[in-house]
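Okay, so chain A shows up in both of these, paired with chain B first and chain C after.
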Partner chain A sequence: MADMKIGAYVCQGCGLGERLDTKALAQVAQKEGKAHIVREHEFLCNAQGVAMIQKDIDEEGVNRVVIGACSRRAKAEAFHFPTVAVSRVNLREQVIWSQPATDEARELTQEMAEDYMRMGCAEAKKVVAPTPNAAVGTNKRILVVGGGVTGMTAALEAARAGYDVLLVEKTAALGGVMAKLFKRVPFREPYSDPQPTGVEDLVAAVTNEPRITVFLHATTTRTSGAPGQFSVDITTESGQTQTENVGAIVMASGFTPYDASRLPELGYGKSPNVVDQSGLEALALAAAAKGEPMRRPSDGREIKSVVFVQCAGQRDASGTHLRYCSGHCCNTSMKQAMYFKDQNPDIDTVVLFTDLRTPGNGEDFYRSAQKKGVTFTKGKVSGVEAAGDGSAVVKFHDLILDEPAATMAGVDLVVLATGQVPNSGVNIDIPADATDVDDKPVEHAVSVLNLTYRQGPDVPQLKYGFTDSHFICFPYETRRTGIYTAGPVRRPMDIAQAMDDATGAALKAIQEVENAALGRAAHPRSGDLSFPTFRREGCTQCKRCTVECPFGAIDEDEQRYPQFNEGRCRRCGTCMGACPVRVISFENYSIDSVGSQIKAVDVPDEFSEKPRILLLACENDAYPALDMAGVNRRVSSAFVRTIPVRCLGSVNTIWITDALNSGYDGVMLMGCKHGDEYQCHFVKGSELAAYRMSKIDDTLKNLNLEADRVRNLEVAITDMERVPQLINDYAAKIQEIGMSPFKGF
Partner chain B sequence: MADVVATNETIVVIGGGISGMTAAVEAAETGKDVILLERAPSLGGRVSQLYKYFPKLCHPTCGMEINLRRLRGNRRIKVLTLAEVQKVTGEAGNYQVTATLHPRFVNENCTACGACAEAVTAEIDNPFDYGLSRMKAAYLPFTMAHPQRYVIDPSLIGTEEAQKAKDACRYDAIDLDMKPETVTFSAGAIIWATGWRPYDAAKIQPYGYDRYANVITSVEFERLADTRGPTGGRILRPSDGKEAKNVAFIQCAGSRDRNHLTHCSRICCMASLKQTTYMRERFGDDAQSSIYYIDIRAIDRFEDFYQKVQADSTVKFIKSKVANITEDEATGDVILHGVDTEGYHRYDNRHDLCVLAVGMEPSVDVRRIADVAVDASGFIEVNGPNGAIFGAGCAANALDVNRSVQSATASVLRAVQVVNRVAKAEG
Partner chain C sequence: MSDLNTTMVNEYRSNFLKEVEANVEEGRWVKMCMQCGVCSGSCPLGPAWEHPPQEIFMMIRAGKRDEVLKSESMWMCTSCYNCIVRCPRELPITHIMHGLANYAHRLGLAPKMNPTRRFAKIFWDNIVKSGRVNEIELSLRLYFMDGFKNGVEKAWSMKDIGLGMLKARRLNPLGFVTHKGCKDTKGIHRMLKKAREIEDRRKGFAA
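Let's turn to the complex of A and B:
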């Protein structure tokens, strides 16, 4: 680039001036780094220092800035030059603070600093401040799939913020499960009595909201595109399809009660007097419509005794039924017991439970139930049997009296608290043509969204079919950018939680349409304007990028080339790491921007006793841990040169082979934990890196190098004590196996 | 604070813990201007003092790093620390927020080089460790503190020590003449995310928290387990520094109790289950954890975690509300007395250490500051007649981290609705 002009600045503050020869660093930047302007400053992050840099940008045409000072994680507010590419050279935390402040250490510390200046200048030459993608989608309508309480709330809340909404409901009416309830659990003070569901008001509010268009008897039969530019086919029962464009999607497809007929031991299906919680609601609604008390389903006799069986087919460690707890059922059973108690306090209501779970103010509701005379017994139900008179006998292990063969007889109605099963559509982790143990084809659920994405028609599921986020800190983290799930499809929940959840999901959908229109990335690289581009003529159509993208951002075009949907991309660089022919890059992060840093390091000859170890560190966890080790003045080997990477998933094996070919003695990778409880914020980055590195052994063999020349490590951000230890252990290992034979080639 | 510009399209977020930080970044990333006010000298709140999160046993600072990067990279957020909100007046779309900015005695010139801390000898209790350790009176609150700027404790002001700190600073960052400042901002909507505090365990008299050294709270236990904590992660009991291999966990300490907190604090069961894994991590098969509980509330997928802990042979579950605790003065051991209600067995169980799973109460009495409806426990009513003041996270309910963040995200949309209306009205 003809107009490239690098300004390199070396700070002398925080002890850099005493510990390092900053003049020599400036010379390195000028002579080797080819910086056009080089300046030292005694306190670069103060107003004067920042003004000096800004002046060079404004008046001297500097468009690449190299800052030799503290970590990129420090003083970000001061060193904010949005119009140019900025390379931060970490001389403080990871050089002087990680090396002993002794005269003996001076030479190696200086060598480290000089290498990092070379690397910073090399990077600066290869990156530009990204310009947003011109092909952004600017549609700001929100599509909500599902017209239950979650979907209606999401639609209404988005509309109230000024956004147009399309609401698609599969059945003939809005309301979902909420419309099938007699009453709901109280959601504000006093938490004492069942409350009207309010579903009519909610349906009316949705219907009367001019910004919301409702499609009944309708499903989404095709969804393609990207945030800001989704194209959706909405098909009604009559077979008519219309295509609409939307900017983001909230999936609120709800739940189905667990099939109680799988619990014959609890009498369901054998006697009409055994119902599940939704069955009880139906009885209550029917009775209320008639203005009569509920009666025994089998013979219409008066109900005198009701038993509620908690955790029916739930919390089942054997895995026969649901393993999880659905959260709402304890409160729901108490509410249902109150249906009887409020009607006639003499009706005997017993809740049989193992752990009663009424968090928060549910505790008030629990006390209210006790006050109304609902009995709570800690016991594990083993069976429900019919007696001759139409009543039932409930057999249970009484855990308080430690009576394994306790019974309750003369029970008129048994209510099974079964759990919520999410309506999450197709499990895309199971191949479409998969077969079960008996070689029969696996039956797939009906798709909810019918995405045309190469990776499958619905959003990925986390566990037990729920589409929840894997991350504790980021409940709306989604692996399908611009598509947010809410309500019981995401996690088991009650009405109050579903309404709150719907509001959160609607916010994320709105945020996504706003950012998509500006070409900005979504979390975790929020605001990043870079996006992947590929050199089509070099592509071999190997499909690794399309398969490995954690966000399903890459499809295939008609000619089977990868088709990048930039709006779906989260800028992790996994595709770049995957590409064997290295045709994928970002404006501010590329094979070359890292590769040239690797090559910029001065590799001393074989006899110097100064090995060089490359450390590629995940910028979210490993790199901060290295910084904090420095803050705590933990010493680590001076032979290591660290480059932060967006994710280990972006590490292309060419970087490793290039490093080894150019005489590095070892390469370390530090990334996040992988496996079931993975920590990688790009889902599979560290796992993919581990896999790719397991394949690098052949390369090492071809180069006649030891397997220990490459080491892949899992670290956490808190490993500020362990990380220096890992580095020093590896440096010792390299010392032991000796210097690389590739020096000076 | 002339550089803070606020209008009635600004969203003010009060509280810089995980809920407040989330609300601030989510609002700013939706294109709104945000002022984030935090009473402490740095962001992060209570979660930054946890060793690990349940159920993944991952580290809170991992998510904090991402949130801090989002926050630092977004020019729409103005963060003010040591900012204590005094009064909120006005109505939806037109609030005035008055806050006191307490002096840090350190300005933005600070590079966090640490020279002031080296120069100072005076020490104070370290609040980050709940007073379980001491630290220099010129300090960075914790390694990942944001803003990355030191604090001079007010107790130093007027002493020679303060002058020593000032003399050690080469960047003119220490200003010993800083005075408290009162500022008032306009706001269209307010997100109230002031979080929770642990219930005062001393109020549960039969448990002797104020009398026995080896009765501690669950939040203190987090610090003992944390490898960055006062014991370097070795679980040592306070009385004699002995390894605490036999630990009792008492659930509902102050929660679900008419004499204390009437609500269930939701997180405590999972927190204690998690803490038994710390025991195993440190002591392996030699660990002995006993959980005294009424109901184990491991809701939804957390059930998996409960089942995993149940399968651990070093963990015992005793269904009992512990009646009282006595101390064996000779050894410092604590003895728990009560009745195991499963089978009605009386017990007097000896343990090295007892951890009270203390409940959550709102950290601030909101009604002193603003006209806001709260429930009987003091949590802000989400459905209350609160204008455009929206509770988020544990200011609104007893919530775990994941649900707090979800709640904070929802509160942002409610605030956005208000400021969008204001913007539309103003054209």
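Let's turn to the complex of A and C:
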């Protein structure tokens, strides 16, 4: 845009007119902000006010709009001018509502408002309305990896919504684990009896669906590209490879049962009469095929007594086995006990549990099992030993009767409820050449997707090897845009949950192919058209952006420059915060757009007793919390100037150095919680920020400043009571350490 | 041990749960206990029970026949019904406790000197005799069940209450002689005999 024409508008509604001298604000915008058109309006967000702005855009050629009214989080529909850059000045929530409505406070409140007007005009000069990316991918086919119940459901859901699907299955047939079950846990009223799995119908539906192309005996051997334009090599067992283009990927690679041979104390491997849950399904299927009751594997004798051992190698705090609960096993054991009870009520079936967990309507199923005479005993199994006659003795600690050495003798079959281990592929957080404590190379899993991404061949894992991400901030999402994991690879689950999960992932994939075709960002900056670009001449090829991008969006080209894949980008700006030479920017968010706001603030001299504190607040949680504090009229220091940032990860240390150099007395950063229980909407942003800020002490030392001049804080969106307190505490701290010596330079 | 006990041991062998289901009032509910422990926690006498209800249910399932039937625990129940009200699985716990106590008594396994059992027996004999409770006789039998000296001491300690009840005409000192039974004592006896027969037949107490 060649001619920059700023229109600045000051609203007088919502008490702004009474509390502030809007005329003075308009003058600030005109004289200091260099706005070409300046208008006050008594009710800016009404139709008349909006029409006034639109008229200036249409007739006066205004291409930067500065709106001094409420928070950018309010009235977004009214102040929606897609053709121009809009800069919102938050005079309501974070000025008049966060300051006392007294005459004494009037002067400071007005100063605050004037600073924010200056900042708004400064920002407006540095941003333009983003133009959509030209390199969008418009492929809307969906690739589903894995032909189990999750994969088949995802494929069917996507196909029935009108999208073409490629379904890749490693084995010779569709069905996965579901095809190896005798029956499934009931999934609708009355939740009382095991139900047929229905796998044949599902396979038939997938096979007969014209929109689905099935590849059996096939794996994905190479995946490159971005949403809307993935290129995938599908290799069959015979070695033939074909390359297909898809728009999004659903990864439903399922689980492997935990290796029960690692539980020798429970008799697995020592006696054929100790099986895991999948082993029992095999026995049940074989018996049903013959039309006979199930028999003891060791000698073919009819089974009279079965013990189910729950949490075998699961929920293990020692860390030797799985630490987590797989969720489905209690219901599964009840179902398997019913295999026996439904056939012959005289067969003794005992479920030995420590905590019985029956999610969903499993409580009804539990009751049904009790009615059928399945005995439930609370106890921790310590060992399974063979008796002479082929039967087993189960030793356990009875937790209700508190008998440490309780036993159950004459048991014909012991079933171990081992857990689900996700088929997540390679853990990209472990270097390829890593070694374990004994200096042996770590064995890596076989990759599922074989991504050509710089950060590694598979989707990042969250915890215990599951490819989940934060369940509140990123439902169904992974840290690879356009790739959605579903089913037990995401978290432990049963068939019913996997089918729900598959539907969710299919919808996410559809959403993404549609977004990608328009060049729009996915969650959480949904619909954002901006994307990062970099100034090639300035780049030093340090690779920090490619390494730190939480979404693996940046590869390297042949000349080792960063190669941005806009489709994969979530627009958090972590690359911008990382870049030491500051060459990365967005059209509407850059080092300059924030930096010029910092410099626009009027910093009074050392003797004024008016310190200035810069607050960089994450727009996802901290900024809404500040707004909410204002809505609830919580008073906070009038010396703070807040700038919302996309994520603390986008905070470049130059902003902090600049602020301190130009006389600010302190800098606060407010971002989301990081670490194991992270709440960062971009997963790694606040963590990276904390890491970078831990290094800022050196900078402060060089400037001869106190370490307290910079404070990094974790806040949540619910912290509306705490946030003003944090601000006031910090303002008091600044008062204590005194004014910055850098004023007036 | 009674013949009935031997019969039951032979009939159910190790499956005590089945025996309870067949012979104990509301016994079919025992398998539905989910071991949450709310009953034990709700019982006002809970700390005094050797095995609170939750444990009793678990012991039944674990086949601890003698330990359950010879236990004093279920005799502790005062029928306050707190456990029934609170049980999330809606087990009629009070009834099961009485059922177990009754069953243990029938088998001759109940602790001989358990005061609740003895009082229950005195009460039953008293009411059956005439079809109506003879209050003065009942209280005196209760006081003197542990011997004459004990009885005098107990009666003495209760004398104020007794006198108060006399004044309020709640206690008839001549009850021994003036007590009137119900109109058709024989009819009552016939009815009870029949009921016992039906119960025995249903539960297989053919002895």
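In this section, the second predicted complex is superposed on the first by the 741 of 745 C-alpha atoms of A that agree within 3 Å, B and C clash if a C-alpha of one lies under 4 Å from a C-alpha of the other, contacts with A are read in each partner's own complex, and residues count from 1 in each chain.
To be clear about the criterion, a residue touches a chain if its C-beta (ideal position, glycine included) is under 8 Å from a C-beta of that chain, and two chains touch if they have at least 3 such contacts.
Note that this is a predicted model, so its numbers are computed, not measured.
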Combined model on chain A: chain C and chain B, fit or clash: clash
Per-residue contact with chain A, leading partner among chain C and chain B: B
First, second, both or neither for A:Q679, with chain B first and chain C second: first
Which of chain B and chain C A:K508 touches, first, second, both or neither: first
Partner chain in contact with A:A205 - chain B first, chain C second, else both or neither: neither
Partner chain in contact with A:I400 - chain B first, chain C second, else both or neither: both
Which superposed partner A:G373 touches (first chain B, second chain C, both, neither): second
Partner chain in contact with A:P624 - chain B first, chain C second, else both or neither: first
Partner chain in contact with A:L356 - chain B first, chain C second, else both or neither: both
Region of chain C that runs into chain B when the structures are aligned on their shared chain, from 37-45, 91-99 or 145-153: 37-45
Residues of chain A at both interfaces, chain B in one complex, chain C in the other: 356, 367, 378, 400-401
Footprint of chain A on chain C - complex, ascending: 17, 31-32, 34-35, 54-55, 58-59, 61-62, 64, 89
For the chain A and chain B complex, residues of the former touching the latter: 13-15, 43, 45-46, 70, 73-77, 80, 157-158, 160-162, 187-189, 315, 317, 323-327, 353, 355-364, 367, 378, 399-402, 463-464, 466, 468, 471-476, 491-493, 497, 500-501, 503-504, 506-508, 510-511, 514-515, 523-524, 526-527, 620-621, 624, 628, 631-632, 672-673, 677, 679, 681, 716-718, 720-721
Contacting residues of chain A [partner chain C, same complex]: 356, 366-367, 370-371, 373, 375-378, 398, 400-401, 406
Residues of chain B defined as touching chain A within the complex: 18, 22, 25-26, 29-31, 53, 56-67, 69-70, 72-75, 109, 111-113, 143-144, 148, 170-171, 227-228, 256, 262-266, 295-304, 307, 319, 341-344, 375-377, 381-384, 397-399, 401-403, 405-407, 409-410, 412-414, 416-417, 420, 424
